[in-house]
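Look for chain A in each of the two complexes below; its partner is chain B in the first and chain C in the second.
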Partner chain A sequence: MIPGRQEPTRFEEFMEGIWKQNPVFVMVLGMCPALAVTVSAVNALAMGLATTFVLLGSTLLVSLMRKWVPREVRIATYIVIIATFVTVVDYLIAAISLALYEALGAFIQLIVVNCIILGRAEAHASRNPPGRALINATGMGIGFTIGLFALGSVREILGAGKLFGVALFGPEFQPWVIMVLPPGGFFVLGAWLLLFNWLKTRGAASGKPAEANVHA
Partner chain B sequence: MTSRIELRAAPHVSKGASVERIMFNVVVALLPICAFAVVQYGLSALALIVTTTLTCMASERLFNRLAGRPAALSDWSAAITGLLLALTLPPAFPLWMAAVAGFVAIALGKALFGGIGYNVFNPALVGRAFVQAAFPAAITTWVPAYYDGRFTAFIPTTLTAPLMTPPNLSEWVGRHAVDGFTGATPMARWKFENQIAEVGDFLSGMATASVGETSAPLILICGLFLAVRGFLDWRIPVAVLGSAMLLALVFHLADPGRYPPPVFVLLSGGLVLGAVFMATDMATSPVTPLGVWLYGALIGALTVVIRYFGGLTEGVMYAILIGNALAPLLDQLTPPRVFGQARGGLRDHFRRKPETRP
Partner chain C sequence: MPESLPQIFLAAALANNFVLAMFLGLCPFLGVSGRLGTALPMGGATTFVMLVASLCAYGLNLLVTTFGLEFLRLISYIVVIASAVQLVEMVLKKYSPALFRALGIYLPLITTNCAVLGVALFQTTREYDFLQALVFSLGAGAGFTLALLLMAGLRERLNLAGVPGVVQGTALSLMLAGLLSLAFMGFAGLGAVE
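What follows is the complex of A and B.
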């Protein structure tokens, strides 16, 4: 803790990942899965939940072991911990739904190198007690899942006329092919970032003090 | 125009041109092409032109308001984007898709970069590139020109309900087709069936094509009108058409059985329309004399390369977009020599030893 700085409340800790430091819309982390697997809402949710699971597990372990891990080998330790949970989630998804497992492909294994997880371990879990670290990780996981779902739902609605596989516009719907292609991912992500930034700057411009100043 | 304050160094000589005046002249130059398109394709073409123009102007107004810029539709630039966009679309294109294209053209192509004068890419082509990727089937559905009853009824696909798939046109085309209509553009016929269209077809507008690209002479006359009045850099179309023709000639001479004669390359597709009205967009083309020539030559050569070796039959759109992306770079590499100063730019850059290059 930085001296003189007030410790954030539990609620603020939880909300940080959802709004102020949202991994997708503010920190722009984990872009690889965010762009690659969000062609449908189900894929996006599954990816978000898998990442959240790994994030929670690794955060708990890293936080518990934070006093015994030597500084010099901390990153290697984190990676081993994260890889353990990724292996668990990899087998779990394959056991629950093989179709989903094939749709997500290599991106499940790639959770190992997701910078949100390593970033949380380094910046938060290794410096905070388990309870506080878990609250923060839950918020981050939910924030990441919301971000992926925001991308995936728009891309599925326009790209296939469906949401969670349910047709919204009838059989005559004309799919927007570009939305399930990589450019569509970039366009939708850009549009969401634009909306998020617009909402933030609008809040700042209307005279409301920025949230950062309230906590400072 | 957004601001009346003019700050500039001497000499204070004015050509009398303003954004409004230039843009208005471009609109005037585009109107005959639009009129010819309506003669050829009737109500559907008219509805298409009106739809894209209105969508572009409405989007322009919306984004100017959101960005806090004065909502200046009077500069005509949004109208030009709309007109040009319609001219690049096939006549049977559903109106709701045209509206999507118009919105994307202004939103992605222009408003995001800061509005008029700040856009990196030609907005109309950004809109077309988006719908080409989004609706690949609709944008390659062609209908014959001068079909009967074009002034009393729409082509069935034109009035497709929003978000819905347009109906299959083959039965309708069968009833309306003039003899010899194949449902493919001359370029597609060359590419896939190795047939070369008659030059006469291109001049009379009989060739299957997008709304505004059927008559090369008309486009050239309208371009000449702008060039004579000084609102269009004549070097760009000359460079585009010249380099396309040269490259096509080289290929044709190397293998006449496989590659078409240069005149076919020049007249088919959107090359003339793109060279005259799109590559010459002032905000997205270079300003230095050498840069302009390089830019035009690059677009012409890329068009031929994409047409001959790419997966698509038409390459003008992507060639111009790539040219737009390189325009600022070309400007930087080719500064004109200032009187009394040492040389700079491209020639000097390569003459120097690599370690002393700036």
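What follows is the complex of A and C.
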């Protein structure tokens, strides 16, 4: 299947969320859950997967209904669709693991107001057929999960000396507690963004016509 | 553990500051905090929406629990918040068009401000009564406004400072927020912490 010339290929559509438009590192969207729950790698992964599920469900529904939703009430419609899927996820996580449910707390329900999901519904799903929209949403969801995992693992390693609850260093390791406290979230995300900025400017300086620079 | 009203207010505004300790409402926090002039009205508008949302959420929660429809709670909250934002938007457009333009896209985005939904959700899980919910939402609004003002003041100063190009933008804002958050940790223990 060969898509039209100016249309992005399916692979590009999929990779968009993972690399070029990564929700966490490039668009800096949906940061409230990104910073609040990423005190450990497990929490980060669970949050990423829950968000991906909501993203996929709402994308499919929005894309299917795109011809029937009047423009004036589209945001309200999207929000109600998203809220429905979030309620599903909320009950699902409570049923699967009560410990996880308590660790994530109100932040599961706060997925409703995650800008990524509404942003995708508005910018992509409402303009594309279900197949294409789903591919893009999958990419975005994976990109978001990777971003959260990058934050969560760094914070857990530095702040508790563990990864997935397994101690990495010897018993004399002094945990850098501030990293699992709120300021650490800001610092780690700031440092990641700094790293990406630095890589970008370095790529530009070395004269390599890196495509990423255009999207900076 | 009965919490007194001043305790709830202080905890929501300082010790558990919504932006700096709980990471709620970061999008407007980073987006609108460029200038002091827009930070204050934005804080005011958000506080008002929080107040309305909190009161409505209290009523809705009673209704939803009475009929055993807990699974509708989230959906009804978000619809109420969206309507409250619409109201603020209409009032601002009528009485202060200049401000309306200055806030721009961030005004309708209050709907997706996690802090507003956060207020409604937290007061439900903590089972606050009517008065407690009222004070809680006011405290949260005051905390949000305070964080926004502090950040705007810092960023106005930073515009004049020579910062390396790599650090500029969101990375710098996040580092600043981290430092502010560090400062706010000094309030830990003030008021009631769960």
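Quick note on the criterion: the second predicted complex is superposed on the first by the 205 of 216 C-alpha atoms of A that agree within 3 Å, B and C clash if a C-alpha of one lies under 4 Å from a C-alpha of the other, contacts with A are read in each partner's own complex, and residues count from 1 in each chain.
Quick note on the criterion: a contact is a pair of C-beta atoms (placed from the backbone, for glycine too) under 8 Å apart; a residue touches a chain by one contact, two chains touch by 3 or more.
Computed from a predicted model, the values in this text were never measured in an experiment.
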First, second, both or neither for A:181, with chain B first and chain C second: both
Chain B or chain C, by number of chain A residues touched: C
Touched partner set for A:189, first chain B, second chain C, both or neither: second
On chain A, the residue positions that both chain B and chain C contact, one per complex: 178, 181, 183, 187, 194
Touching residues (chain side chain B, partner chain A) in the complex: 97, 108, 112, 130, 133-136, 138, 160-161, 163-166
Contact set on chain C toward chain A in their complex: 20-27, 30, 71, 74-75, 78-79, 82, 108-109, 111-114, 116-118, 121-122, 125, 165-167, 169-172, 174-175, 177-179, 181-182, 185
Chain C-facing residues of chain A, complex: 28-29, 31-33, 35-36, 75-76, 79-80, 83-84, 86-87, 90-91, 105-106, 109-110, 112-115, 118, 178, 181-187, 189-191, 193-194, 197-198, 201
Chain A residues within the chain B interface of the complex: 161, 169-170, 172-174, 176-179, 181, 183, 187, 194
